[in-house]
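Please read through the structure below; I'll follow up with questions.
Chains here go by letter, A, B and C, matching the order in which they are written, and residues are numbered from 1 within each.
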Amino acid sequence: MLKVEHLTKMFGGLAAVNDVSVEFETGKINAIIGPNGAGKSTFFNLISGLHQPTSGRILLDGVDVTHLPSDKVARLGVGRTFQTTNLFEQATVLDNLIVGHRLRTRSGLWDVLINSKRLQREEKAARDKAQEALDFVELGHVAGQFIADITQEERKRVAFALALATDPKIVLLDEPAAGVNPEETASFARLMRKMVDKGLTVCLIEHKMDMIMNLADKIMVLDHGEKIAEGTPEEIRNNPVVIEAYLGGGEDAAA
Amino acid sequence: MKPGAKLAMLAFALVFPFLASNEYQVYVMASAFVWAIAVYGLNIITGYCGQLNLAHGGFFAIGAYTLGLLTADAGWGFWPALLGALFMTAVLGFLVGIVSLRLKEHYFAIFTLCVGFIIYLLIDKWEELTHGAIGVRDIAAPYGFGLVDFTDTTPFYYLVLAFLVFAIWFMGRLSRSLLGRTFIAIRNGDELAQSLGINLMRNKLLAFVLSTTYAGLAGALYAGMVRIIGPEEANINHTFDMITYLLVGGIGTLTGPLLGTVGIVWITQSLQFLEEYRMIIFGPLLVLLVIFAPRGISGSFLTWMHRKAQSLAPGKKQAQSKVTAAKQAGEAENNA
Amino acid sequence: MTLFLQQIMNGLTLGSIYGLVALGLTLVYGILHIPNFAHGALYMVGAFMSYFFMVDLGAHYWIAMAGSAAVVAILAILCERLVFHPLRNSPPIHDKIAAIGVLLFLEAVVQMFWGADFRRMSSPFTGIMNFDGLIIPEQRLLIIVSAFALVVALQLFLRKTMTGATIIAMAQNREGAFLVGIDSNRVAMMTFAISGGLAAVAATLYAPINLVYPAMGHLVIMKAFVIIILGGMGSVPGAIAGGMIIGFAEAFGGFYISTAYKDIIAFGLLVLILSLRPQGLFTKGAH
């Protein structure tokens, strides 16, 4: 569903992502791992349109999205989360999520001025979608609370909900379980399974090996911008090249 | 804000000229309303969209000068000239926006600071057009169609009040709408907004043009009120004043601009002797606000209200569940 | 021909002043990522402090300059500690607004003590040097030489001393510098102190051939911002080069095109450059 061909991104003389080709299948959980600085976030940025690749192609369900800007890529069905999500602290959780559906609406300034039927319809749809996404991440009960008042773990789930509210086909999760305890990590893993069961494709960057090994259907390993391995958790676990990369990089390879 | 409070404020505003002890007070309130309209504009681009626009005062001046020159030099009537002023500030806002909104945070602030200064410089030096330092006199007051004389303070007060109510009404609609939420998403973060499918340039530009049009409206009304203007109107201090009003009132809120502007205008009025030392107070005030109370009066109040509501609700639920538990215990006892 | 050379002198003079002011600004921006809108106020206070020392206390020009630099350096450190440090984690809009607050405050205080009138400041260098028909006032020569000397001194300081090295380290890699044990607070305070000192010196150098008044920092600060955007944030040579470009553009533009609009030149350049390259002329990585 997402096909990446010979993707390269140069910053000055440095190749942050170097000739990476990979294919992510629909409905699977794909993990991208690698030592720090391996180019994982840059890879996500290239797919979601925040950076323009120097060369290579990105195909989403056969459509060439290589040079599309971020907002167009989002509209085509790529949702994503970031390592830090800035939400509107002094607004409720639900309020923050309503804008997630914006990209599927068409109302503009004129609609606001005359309070058109279209605006009312779309706002209701957005609100419903927001509640739906919130319920999906099992946070329906905090809908009315300020963002400032919910826990860190709940905030991360709200970030997921935001990405889900855009009605994506594939979600890119950038270190979703960072800074979260083992119990919460497990619940995130469950959440991702739930997304896949609903028909979404999940792509995540993570450092927590035990989570990845138990969760991912496919793992891609990046090091210094290059793909050094690809395969099932079993294959990756026993891959000498991967082990070498991690021993050299000082990662916490808890297995 | 509760409808009751809004009505109370409107009622107060309507009867104010009768409560005031002299015409000068009505004049002060009217000018506060004019500045408030401008601050509402600033609130759109800086409060909701998060871009610090330091050229805002410049657009106020453009609105004032457009109206002034059209009526005094070209002989237009007030109302057509007002439309002219709105058109001018919208178009110039669009042009400035196209260039400046591509710039990141700091560059945008610096750029608009320079734009504001260029506007001042042009107004001051381009004598053939703007009369330079002499300024523009004999600006027309709004034409009352024989029913009202807007050269009188009190009728003009109600005119400005009408515009202000419209301005606030529109802001309210905007902030609650999907469009307003889009602006807020942009404020939260460019990248996040983009990942939600939001076109940054188009939305920022819209917010910017709306804000400059508000500024232009305020400027034109100002010109129609004072009837004589000069390059002073484009002084950067006006922009700094408006930022202060906005910050004190509550940046990004619906009532903030009004409260901040009216509040500070009246405080400086009543403390006339402090006029010279205004900035000695405003300066540290800005710093303290930004460090300790960045949400201003309205913002902090809204947060406090919400927290209060939150703390009541779970309590209610607890009380209810206690009642149910007691009932169940009672039933269990009865059945035992 | 001499008129032409004259403009070159003017360009060098202006360029030196702008360069010095921009230097302080670029250091603070490059290392701390703070666009210090209050920098113009520091410049202005520098001029008034020298004025105070010279006129009210009767000190000699150089002593006044040194005293002024010291006072403004301390003032800059206070700004850093009381205003910018508490805001380091806030949204970027807050430190811009806070800087504006500091600017307003300083201008108002100066105005309270000295009024809004224009004042003249004298210097011991009132002589004129005559090179074969080319007339160079001593003060202008002093400005150029001093600026040159200060830039060299600054470069030496940054590259040859330990303290200078910590500043560069923090500019290049904040996280890394922190990990290595560099005290970011100390670096921040020092950077501000240097920037304040440079502004004060620049103001004192320029004041004798210009006027001293509370709003004198406005134009200079805006041009300084243009310069650092042109020359690159955090770049010392960039600040000087940019300063010279603007200085020469104003000298020649003001003389050959129009005096009234010469101030617009710098901003016109800014509009042009940012329209074509929104990220500025020089960008080192993501900013």
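Here is the rule we use: a residue touches a chain if its C-beta (ideal position, glycine included) is under 8 Å from a C-beta of that chain, and two chains touch if they have at least 3 such contacts.
None of the values given here were measured: they were computed from a predicted structure.
Taken together, chain B and chain C share no touching chain.
Centrality annotation: B (chain centre taken as mean Cα position, compared with the mean over all protein Cα atoms).
Inter-chain centre distance (chain B to chain C, centres taken as mean C-alpha positions): 34 Å. We define each chain's centre as the mean of its Cα atoms; on that basis chain A and chain B are separated by 38 Å. The distance from the centre of chain A to the centre of chain C, each centre being the mean of the chain's C-alpha atoms, comes to 45 Å.
For chain C in complex with chain B, the residues that touch the partner chain are 29, 33, 35, 37, 82-83, 86-87, 90-98, 100-109, 111-112, 218-219, 222, 225-226, 229, 260-261, 263-264, 267, 270-271, 274-275, 278-280, 287. Chain contact summary for the complex, chain B toward chain C: residues 46, 50, 52, 99-100, 102-107, 109-111, 113-115, 117-118, 121-122, 125, 236, 240, 243, 247, 276-280, 282-287, 290-291, 294. Only residues 48-50, 69-72, 74-75, 79-80, 82, 85-88, 90-91, 95, 98-100, 102-103, 105, 107-109, 111-113, 115, 119, 122-123, 126, 144-146, 149, 162-163, 166 of chain A touch chain B when the two sit together in their complex. Against chain A, the residues of chain B that register as touching in their complex are 170, 173-174, 177-182, 184-185, 187-189, 191-192, 194-200, 206, 210, 295, 299, 302-303, 306-307, 310, 313.
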